Structure formats: C-alpha cells, structure tokens
Amino acid sequence: MSANTFGTLFRLTTYGESHGPGLGGVIDGCPPGVELSEEIIQRELDRRKPGQGSASTARKESDTVRILSGVFEGRSTGTPIAFHIANEDQRSRDYSTISEVYRPGHADFTFDAKFGVRDYRGGGRSSGRETVSRVAGGAVAQALLARAGIAVTAYTLELGSVRAQIADPQGAQDRPFFAPDPDIVPRWEELVRETKGRGDTLGGIVEIVATGVPAGLGEPVFDKLDARLAYALMGVGAVKGVEIGSGFAAAQANGSTNNDPITPQGFASNNAGGILGGISSGQTIVARVAVKPIPSISREQQTITRSGEATTITVGGRHDIAAIPRINPVLKAMTLLTLADFWLLQKRNA
Amino acid sequence: MSANTFGTLFRLTTYGESHGPGLGGVIDGCPPGVELSEEIIQRELDRRKPGQGSASTARKESDTVRILSGVFEGRSTGTPIAFHIANEDQRSRDYSTISEVYRPGHADFTFDAKFGVRDYRGGGRSSGRETVSRVAGGAVAQALLARAGIAVTAYTLELGSVRAQIADPQGAQDRPFFAPDPDIVPRWEELVRETKGRGDTLGGIVEIVATGVPAGLGEPVFDKLDARLAYALMGVGAVKGVEIGSGFAAAQANGSTNNDPITPQGFASNNAGGILGGISSGQTIVARVAVKPIPSISREQQTITRSGEATTITVGGRHDIAAIPRINPVLKAMTLLTLADFWLLQKRNA
Amino acid sequence: MSANTFGTLFRLTTYGESHGPGLGGVIDGCPPGVELSEEIIQRELDRRKPGQGSASTARKESDTVRILSGVFEGRSTGTPIAFHIANEDQRSRDYSTISEVYRPGHADFTFDAKFGVRDYRGGGRSSGRETVSRVAGGAVAQALLARAGIAVTAYTLELGSVRAQIADPQGAQDRPFFAPDPDIVPRWEELVRETKGRGDTLGGIVEIVATGVPAGLGEPVFDKLDARLAYALMGVGAVKGVEIGSGFAAAQANGSTNNDPITPQGFASNNAGGILGGISSGQTIVARVAVKPIPSISREQQTITRSGEATTITVGGRHDIAAIPRINPVLKAMTLLTLADFWLLQKRNA
Amino acid sequence: MSANTFGTLFRLTTYGESHGPGLGGVIDGCPPGVELSEEIIQRELDRRKPGQGSASTARKESDTVRILSGVFEGRSTGTPIAFHIANEDQRSRDYSTISEVYRPGHADFTFDAKFGVRDYRGGGRSSGRETVSRVAGGAVAQALLARAGIAVTAYTLELGSVRAQIADPQGAQDRPFFAPDPDIVPRWEELVRETKGRGDTLGGIVEIVATGVPAGLGEPVFDKLDARLAYALMGVGAVKGVEIGSGFAAAQANGSTNNDPITPQGFASNNAGGILGGISSGQTIVARVAVKPIPSISREQQTITRSGEATTITVGGRHDIAAIPRINPVLKAMTLLTLADFWLLQKRNA
C-alpha cells in the first residue's frame, strides 16, 4: 500500500512532478550481472516521446536518462539502480486559472480532497509525465527478462471506434500509433484530424502480449498473475478497463466454447489469455485495456472553483488528443515490471 | 507479493483446502472497538451458500464460522481476528481420474507446473471453496466501514447474454441470482435449465457498487483505488475482466461526452465510476466484472494426462453451472477489504 | 509494519490469546516438498513446555498442535500451512483485580494506552503464551532449512549473574535450563530456589548459534542479517538487549584485535559472529540476548488503577520465576524464521 | 525484505555508491503540509560531516543536498520527496589492490560471496558514505515528528573504554564527539591521538534518547517498538549490539529491582527504557548501541586474495579512526525514521 513503489522482489520506486527539477526512480532487487546502460533505457524512453503518431503533440521533450547508481562496468551490481530524467521544457506559464479551478475528468478535485495541497503546475504528480519513470523501470525489467526469453509488446487495437487488424504486430513498434495494421494508419490519422477539428479527444484499446513466459508464474489466491496485471495496467492513468484472454466476451460464452482443449502439442486455443487459475500456462499472455479520451478538451466545460462556485473552463495548450499511442510503452513497461517480480519470486520454489 | 495475504493496513491472510480439516483466515489491523460476532460473519457466509438461484447446486455446506481470537466482549480488541470454517461435506470419493488428468479451463495443469505437487482433492487450494475465507474477512471489513457510512453491494447485471435492468438494486440481496430486476429472474431460470440440459455452463457480468466513500481514498500513482479494485476483483477465480465507470465504453467516447461536469451540487454524471486520477471523488464507486463460464462441463473434452498423453474427460458431479450468483458476495467482500485498507491508510494524512 | 506477520518470503502470521479458544498461525511461502507432520512441530512445542528446569512452573499445558492446511501426503504443497493449538488449561479465575490495576513491568498500562480496550485474561495477546505460535512456525522453518544443512540451537549462558561454561552445547537441548554446562545445573537450581524464597525473579543471557549458513545471506543496507536477527530476537517479550559476535565487548576493543584475519583455510577468529557488512560469511552465526527478570513477583509493588489512583499489587499464582529456559526454543524459532526468509530471498540472485 | 527501503508508512528508499555520480533517496508517505527545505535537511547532513572531533578525518565532503520532488512552496505535498547528494571528492585512485584482496573486518568477502560482482571503489554500497541518505531521510522524519513534540538526540557514552558522564546531553550536539560531558573531551582527544599513533582504531557506545513519544506506539507481537529500533540501529554499519533501558544489566537484576513502580505522577524509574511489552509508555525512550572499531587499520593484517591465496594488507589513506562521532547523526536518523513510521501507523486506531 505505497503510492509510489511497485513490486515486491523487483521493486520500482518513482518520484517527480512535471514541473520540478525532474523525475526518476530507484529499482531495488535487480539481480547482479544484468547488462545495462543509459542507452538501453533511453531506447524505451524514446518510444514514449511525442511524435509516434499525429495524436501526439509536437512538444519537445528530450527526456534524457541518467543512471545514478547500481551499474558498474556495464552490468547491474545487485544494489539499487537509481535514474533521473531532468525536466527541460518548463516554460514559464500562468497557472492562476488551473490553480483555482478543477478541470473535469482530471485529478484536480480528488487530489485537493486527498492532500489539501496541490502542485498544480502541469498536473503535478498526477501528470502523465510521471510515466517516464515507469518506462525507464520497465526497460530494466526488460533487460532482466530477456535473459529468460520473455518479451512484451503493446500495440493499438482500436482508436475511437476504428479497429485495426492484428496483421503485423511485429512491425507495430516502428509504425505510427504502434499500429499492428499498416492499412489502418491513414484512417486513424484522418480520425485524429477530424476530432481535433471539433476540439475533442479520443480513447481506444491497447493489446499487450507477453511471449516466452514459462508455465508456473503467479500465485493461486490473491496474487494471481492476472490480478497483478490488472493492478499494473489499471494503475496507468486513463485506463478504465482491463481484460485477459477472451475477457468480457467470456461472460457470454459457454464452458464448452470457452475452455481451451489440451493436446500433447499444447493448448488448442487461448481463450484463457495464457493464465489459468492465476498461474501462467506457458501460452502467450494476452491483455487488453480500455483507454479513456484525454479530458483536456478545447471546448468549454462546466466546473467549479476551489471555493465551490460554478464556472466554466476551456483547456487549451499543447495537449495530445489521445493517450494512445504514448500510453503503449507505459503499458508494456508495467507488464514487464509485473513479470520480473513473479519471475524472481518463482525462483523461491526452485 | 504473497499468495495468501490481502491488504496492507487491514490485512487478511487465508488458508485451507476444500478437502482438509477446514478453511479460515486471520485479519490483522482491524482497529479496536468494532462490533463483531460470529453471527455478523455468518450472515455474509450464508449469502455465499448454494441455493441463491438455480445456477447453484443443492450441495449441503453449513459453513459455520468460529472466531478464534481478537474479539472480547463483543468488540474487536485491535489484535488479530482469526476464524475457522470446518469442512463438513467430505464424501469419500475416487480422485484417481482427476489426480492424473488435467481438466481443461481449470488450474490443474498450471498448479502442477508451479508446485510440482498438488492436492487434487476437489481442486485443493484453487477450489472456489477458498472464497469462504474472503467472505468472512469481508464481513469484518464491512463492520468497520459501516461506522464510516460506507456500504458495498454486488448484483448480477448479465447471465449469459441476458441482461437485467438495474430496477431494484436494494432488493437484489434477497432475490435469486442477486438480480437487481425482479422480472429477469424467470428468464435466467429458464436459461439455466436450458444450458444445463445441454451439459454446458454460463458466464455473466456482476456490478459492484460502493456508496458513502469519502473523497480522497486511493493513491495517485501505482496504488490508485481503481488499480487496487482491479487487483482485488481480478484475483477472484473465474473473473476475466474488470472495468470502472464507463469502462470499455470509454474507449469509444469523446472527451466532451466522457468527462463528468462539476457543479456546485456535485458531479453532473458518473462516467468516472467515482474515481478520478486513482482517488475517490465522493461519488458512488461503480465496477463491473466479466465472469467466465464454469469450466466443469458434463460434455466430453479433449485433454492430456500428467504424463502428457492425449485423453478425454467428462466432469460430472455436483457442480454449479455458473459462478454467478455465488461469486457476488465474494466480489462484495473483496471490494470491502480494499476500501477498509484505503480508509485506514488515509487516516495517516489526518 | 504488521503486528502479527513475520517475514517476507517465508511469512508467519500468528493469532490468539491465552484465554480464548486457542492460538495458532499461518505460514505462507514455504516451498512445496518439505517433509512435515504434526509430530515434527510437536517436538519443538514440547521443548517450550514447563518443566525444562525448576525455573518453570508445573502448570499443565499439553499444547497439542493440529495442522489445518498446506500439508498433503506428508509434505508441504506450497500453499499456506495453518496450525492451531487449543487452549486447555483455562481455570475459571477472578480477573477483577488485574482488569483494573496495571501490573508493573507488564504491558497492561501500554496496551490500554494503545488500544483503549484489553483482554486482561492472562495477559491476552501480550502473554508469553503467544510464543507457542512462533515455536510452531520455527519448526516448519527448521524442516525447510535442514534440507540446506542449516541448524540452530539456543542455550543458557547466564542465569542471574551465574555464568555457564559452553562445555557441551550439543547436550544442552536435553538438559535442564538448556544448560551447555552440566556442572552449572545444580548451582542454577539453588539460585532459583533461593530467589523464589525471596518472592523474587531472575533474568539471564541466552546464546543462539546457527551453523551451516552459507556465505551471502543478508542485504547490505537496511536488511542486514544482524539487523533482522536483532529485530527477531528483540521482538520476543522480556528481551532487553541483543548482541552479535563480540557484541558490546567490541566497543572496547581495537581494530587490530577485533578484526578477524582471513586465511586460505577460513577466518582465524569469529569476533564478527559470522556476519560482515550485514551479510553472512559462512562462519557460525553467534547472537546473545539479555532476558529481563519476569515482572510477576509475589512481593508487594506500587502501582495505579486504570482510573489513576495509587494502589499496590501482589502478583501471586502459577508463574515461572524466569523466562529462561522456556524462552530458549522461542529464540531458536525466531532465528530459524529469519534465516528461512533470507535463504529463500537469496535464491533470487541464483 | 528489501535491501534498500526502510519503513512501511513512512518509507525511505536509498541508493548510491561512494564513487558514482552520487547518493540519495526517496521518502514516500510523508503527509502533506510538513515544513521542509534543503536547509532543514542540510543542517542534519552537516552534523555528519568530518570534523566533529579528532576521530574524524579532515577529508572534504560538502555533501550538498538537492530536493528533487515532493516539496512545493516550502511544504511537503504528500507525494514522494526525492533528494540527491552528488559525490564530489572522487580522487582518481588505484583500486587494483582492494579490488583483488579482501580487507579483514570489511564486507569485501561477503559482498563478493553474495553478488559475485562488486563495485570495489571506496567500499561501493557498503561504504559508510551510504549513510548520508539515512541522515537526509531522518531530517524529514524529524520535521514531521516535531509537529507532535517528539525529539531525538544521540550522544557518545563511551569511546574505547573511557566513559562519559551524562552531564549535559543538551550541549552534546555542539560539542566534539557529541560528548554529553564537557570534561571528557580532552581525555577522548588524547585517547584518539594515542590510538592513531599505534596505527589502530577505536570503538565505543552511543546512547540515543527520544522524548515526547506518546504512550501507545509499537505493536504487541513482532513489531514491538524496541524490536524495530533494534532493527533500525543494528542496520547501521559497525553496530554489534543494541540494548533498551537497563539492557544487558537487566539480565542480572531481580524483578523487584528491575520493575518500574507506577505512581499517579508517572513511572518512578525507567529501567524499561520507555517501552513495555513492545509499546511506548510515554517515558523517555533510551537505547544504547555498541560500535565496533573501524576495521581499516594502518597495521599489517593477514588476509587472502579473491582467488584464495594468502597475503597481507595494510589499509592506509584518509580514514576515520572511529565510527564515533560520525555515526551519531545516523543513529539519530534511524530512530526518527522508526518513530515516524509508528506515529503514522498509530493514527489508524484513531
């Protein structure tokens, strides 16, 4: 129950606001000997940058990571790995409006209710910028899991109501919107243009896939692998739903169609999404998340001031119009962090 | 990362298999002075019993709880509250088939992969029977939260593809299937009969609602209230999806329609499901889960033996044909346990 | 920060008061395949019983353990191992005095200050009887560690001011007072008689020794092996001091005499007590604890009532006159639990 | 069981080696509204600097702290407070000797046994330099606890075998060696000179005192306040023993002399050291630790190389000859961190 630490054996603790000196984190529990460098982490951070599709702004953030500890001669030492990403683009702005008015759909109201004080500059701790630390942490988990042959990818299945084919998931990482389907890109670009023109924003669905996960990860009761994945993914801002395998479709299926038959060659289908009874089955793990539209819209909205008076707000500025695609590397990172934790834990039974 | 403890400040540790001496748990962290008795816990356990609708078997389980510690003169003392529920209905059976064959859709294969050893009698630790301990723990959380005016209910929104109206959620607790809609009951009964006749099983959707939750519960980054709810609910066997508020529908909405306007009288809608930025807003908290059909079907299925040879299995016996409605009190309990934890944690900021 | 759970990967959660239905615990995290039975646990519980020396009372407690879960066909299954020890000797007594007066040297005053409510019967949760659960848990840890060749013993070094020779530590387990020195037994018996005659009580020093611990257990910063041992041992009632290796004597030594020279055959001395920089060195681990005299004396003492008025109290009854020797198996158990946790954790780096 | 996080509700996670970019930490769980600044933290860091007595070297370390997050307009916001202290004095040195030879009394051997890899520059993570992060974290805890009237001090009771009178503990903070006795200072200076002349080093005893702690902090079973203090203090490098109140002297006392009588005006003595049954009594909390002599001596010592061959080593260089007095602010910080955690936890029962 800590706001800012994720994991038990492979632990990421993060800090930082969008408008202070910077953001960062400490990874505790990474075994010694894992190949690590600033380049390895930077590569993942770069995937999170604006410009992965027209849904993102052109705001310039170099997001350069610096490793502060725990790496010696190109490898982890087993001691905490700290990293820091300095904030660069801190234009001097006038926050007087935002500091006194709650933006609908944002955490402004609830943050104030919780803490009674709020670093309102750019969303403070509840800004999406907080996720750089998650992506950096996920990069370390990725380096650890790569040694075990475990890999994770995330691609966009749906933007607004326009659904992609999973035609080429391998190519998604290098495609706008992390699209698994080359043909969908122009349609999504058109959708973004049109929505932007109306001063509105878009949601969507992201699918996360983990391959190479051995059977046996996850715990049978509370710490089911799917429960921890749901925790990890729902903990990313803007996510409103998580499903595993056949997910909500399973609610309408019958046992005879939803069960995955087992053959000497393996499971004959994967409605389970690679997890049975909370434990990985050795199949590909498949999760999907629902991402809500970004609440910052340039249309006028009804709201109240901190003192409770009715007012309206129009949130302009350099905002993305969808959390997709920038949320994809974050969801990938959270999945990696979850798997790293379970992978280390399962060694206990060795 | 413990298989069997849930929560940080309000902690439930559970134990027990379906065919040993019994099941139970220990609640650690309940403040002193909460009114408690075996009757208070028993009332919730009784809601979980078979017979809440024709989807459940007529199997007799008295599930009588005994408090072993932590309650003195009708109130909690602040020390651990242990409780035990003896197993009664342990018919001597022949498990030779189940012990050597993996049932599709069950944890048999993955449990074996994880532990290398398995108490195969009745599903062992991965049996649904494990959830009695959760319900008992939830009853204690309910007694604690009642003092703060927080209440939780769970009702069935959908069985198979047949959806209820939320016409009378208050009455759901005393209605077959925990149905919020009196008119749906005969239709669900017919659906159950028909599905049973085909030797098949059903899934569905349960909605969980928490009222009286003050604004400010939940933590802004990893331990978002919705993230912890997702963890709690996805950790219940058979759950394959969790959504909060508008959930997966949010993926197709626009910011202008999905944002909840704020007025001096409160929020004008509740697409957020009572949670903004991971923190409760003071509105009703709304979650929905997808429940997969029970994998034990009386139709022949393709599978393998422990030694990897192809075979078939037909799972007969006294099985429910849907996890609904018996899963409802379990989902309610998990929500209560989650809220109790956050409620105690928030006192830290007082 | 849980009152009643010890450990992270090998976790013991305990419950129970001296005058309720019973006491017990749940062990979570024991790997599958460890040989376990009620006999194995009972053997350790029997060492804690009264009658290990004349310092203990003749009170009859059978302390019979029952395993409730987690063991199947003579071995652990990897799921939680619950055990229960029913209270038997609950003579109906008059607690009206104790319920309203704070006994000096006991937790009566502080318990009341903390919880505002108190199960005053026999000390409630702060009774020494609580330690049966620790000893049972330690027995499971012992079974796990035995597979790795790790063993722990505890013997009495000093009773009052009378010090033993560590002449025969192996024989201590079967000797009155867990005396490592056969010749000291009659002297300690005389000391006990004489102290009892004066209506007074005795303290002493216990030494705990762990052999077979491989080099590498413990963490370099906060979770040093010695820090966790200090936590484990100081967490036993009546313990007022803990030292490792040369301990307090190191404060007066010089570096040239306190350092242990290293040779190709191993360390040439063991002032470090088997731990360097918080990490086990492969040498024998040596800890000593100071045990205060039992506060229940039959002489009149000055105290106050719950309402704050001056009064006196004379605590008669069936009380031991020293926590030694019954504390020895408890200290052994806490050391075993600590080592089991670190042993499982170190596998993460494998 | 994390090497690098301390606490549950008030959590300090630290990182850094003596010869990387720097050291620092993240405090998670500090309530909002606590007055904080770099100056407040710097003040405590300055107490840890060399020059607090002739036992310390003249090495120059500016140890300038920078707050990276969690403080806004002079107060904590409730979000993580990260701080960083850059390493400055990193003379280019030749570590070829140290990298291949284990220094007796240091963690070199055990670190290698644990991790298989070692950042040997200046002791790496097991360097005393690691404690700057603890002192910075303690300063935040101090600011929090000050609001509740809780204060902690640490002073030197004994250097070598020369014991101070506790004549003026208030003045100790501004006196060489943190001496509570002005008259002892010249004698300790002489002792240091003489020991240095012999190429040797000194140990000692530090007493830590906490005032203003309300009755009721601490948990009755495992998480006793004294158990957690023992963990906190034994977790500081060089500490080999911890005692509370009468400590090891209690082992030789009788119940009649060791019990603290209770009067309407309070306890008549404080052998308990302010803790009864693991819970604070409202009296002053008193702990003492034994500090071993620094193992780096300029006399030749017997040791082995990493490959196991016999050799000798002489550790010269800029080394303190006693961990005292620089360890005093570290012990104070660990006590503050422990109390902050319990203080927040006890609010749960409010």
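Note that the chains take the letters A, B, C and D in the order they are written out, and that residue 1 is the start of every chain.
One rule holds for everything that comes next: contacts are C-beta pairs under 8 Å (C-beta built on N, C-alpha and C of every residue); 3 or more make two chains touch, one makes a residue touch a chain.
Each chain and its UniProt protein: A, B, C, D = Chorismate synthase.
Since we're looking at a predicted model, the values are computed, not measured.
A.B. asks: Select, from A-C and C-D, the pair of chains that is joined by more C-beta pairs in contact.
C.D. replies: C-D
A.B. asks: Specify the chain most distant from chain B (Chorismate synthase) by Cα centroid.
C.D. replies: The chain farthest from chain B (Chorismate synthase), judged by C-alpha centres, is D.
A.B. asks: Please tell me the distance, in whole Å, between the geometric centres of chain A (Chorismate synthase) and chain C (Chorismate synthase) computed from their C-alpha atoms.
C.D. replies: Taking the average C-alpha coordinate of chain A (Chorismate synthase) and of chain C (Chorismate synthase), the gap between them is 46 Å.
A.B. asks: Which whole number of Å gives the spacing of the CA centres of chain C (Chorismate synthase) and chain D (Chorismate synthase)?
C.D. replies: From the centre of chain C (Chorismate synthase) to the centre of chain D (Chorismate synthase) is 27 Å.
A.B. asks: Send over the residues of chain A (Chorismate synthase) in touch with two or more other chains.
C.D. replies: Within chain A (Chorismate synthase), residues 2-5, 8-9, 14, 29, 32, 78-79, 114-116, 125, 220, 345, 349 contact more than one other chain.
A.B. asks: Chain C (Chorismate synthase) touches which residues of chain A (Chorismate synthase) in the complex?
C.D. replies: 8-9, 29, 31-32, 78-79, 220, 344-345, 347-350
A.B. asks: Please give the residue numbers of chain C (Chorismate synthase) that touch chain D (Chorismate synthase) in the complex, ascending.
C.D. replies: Counting only chain C (Chorismate synthase), the residues touching chain D (Chorismate synthase) are 1-9, 14, 102, 104-107, 109-111, 113-116, 125-126, 130, 158, 160-161, 195, 198-205, 214-224, 226-235, 237, 240-256, 258-264, 268, 272-273, 275-282, 290-297, 299, 301-304, 308-310, 341-342, 345-346, 349.
A.B. asks: Considering only the defined contacts, which chain B (Chorismate synthase) positions touch chain C (Chorismate synthase) in the complex?
C.D. replies: 2-5, 11, 13-17, 20-26, 28-29, 32-33, 66-70, 72, 75, 77-82, 84, 114-119, 124-125
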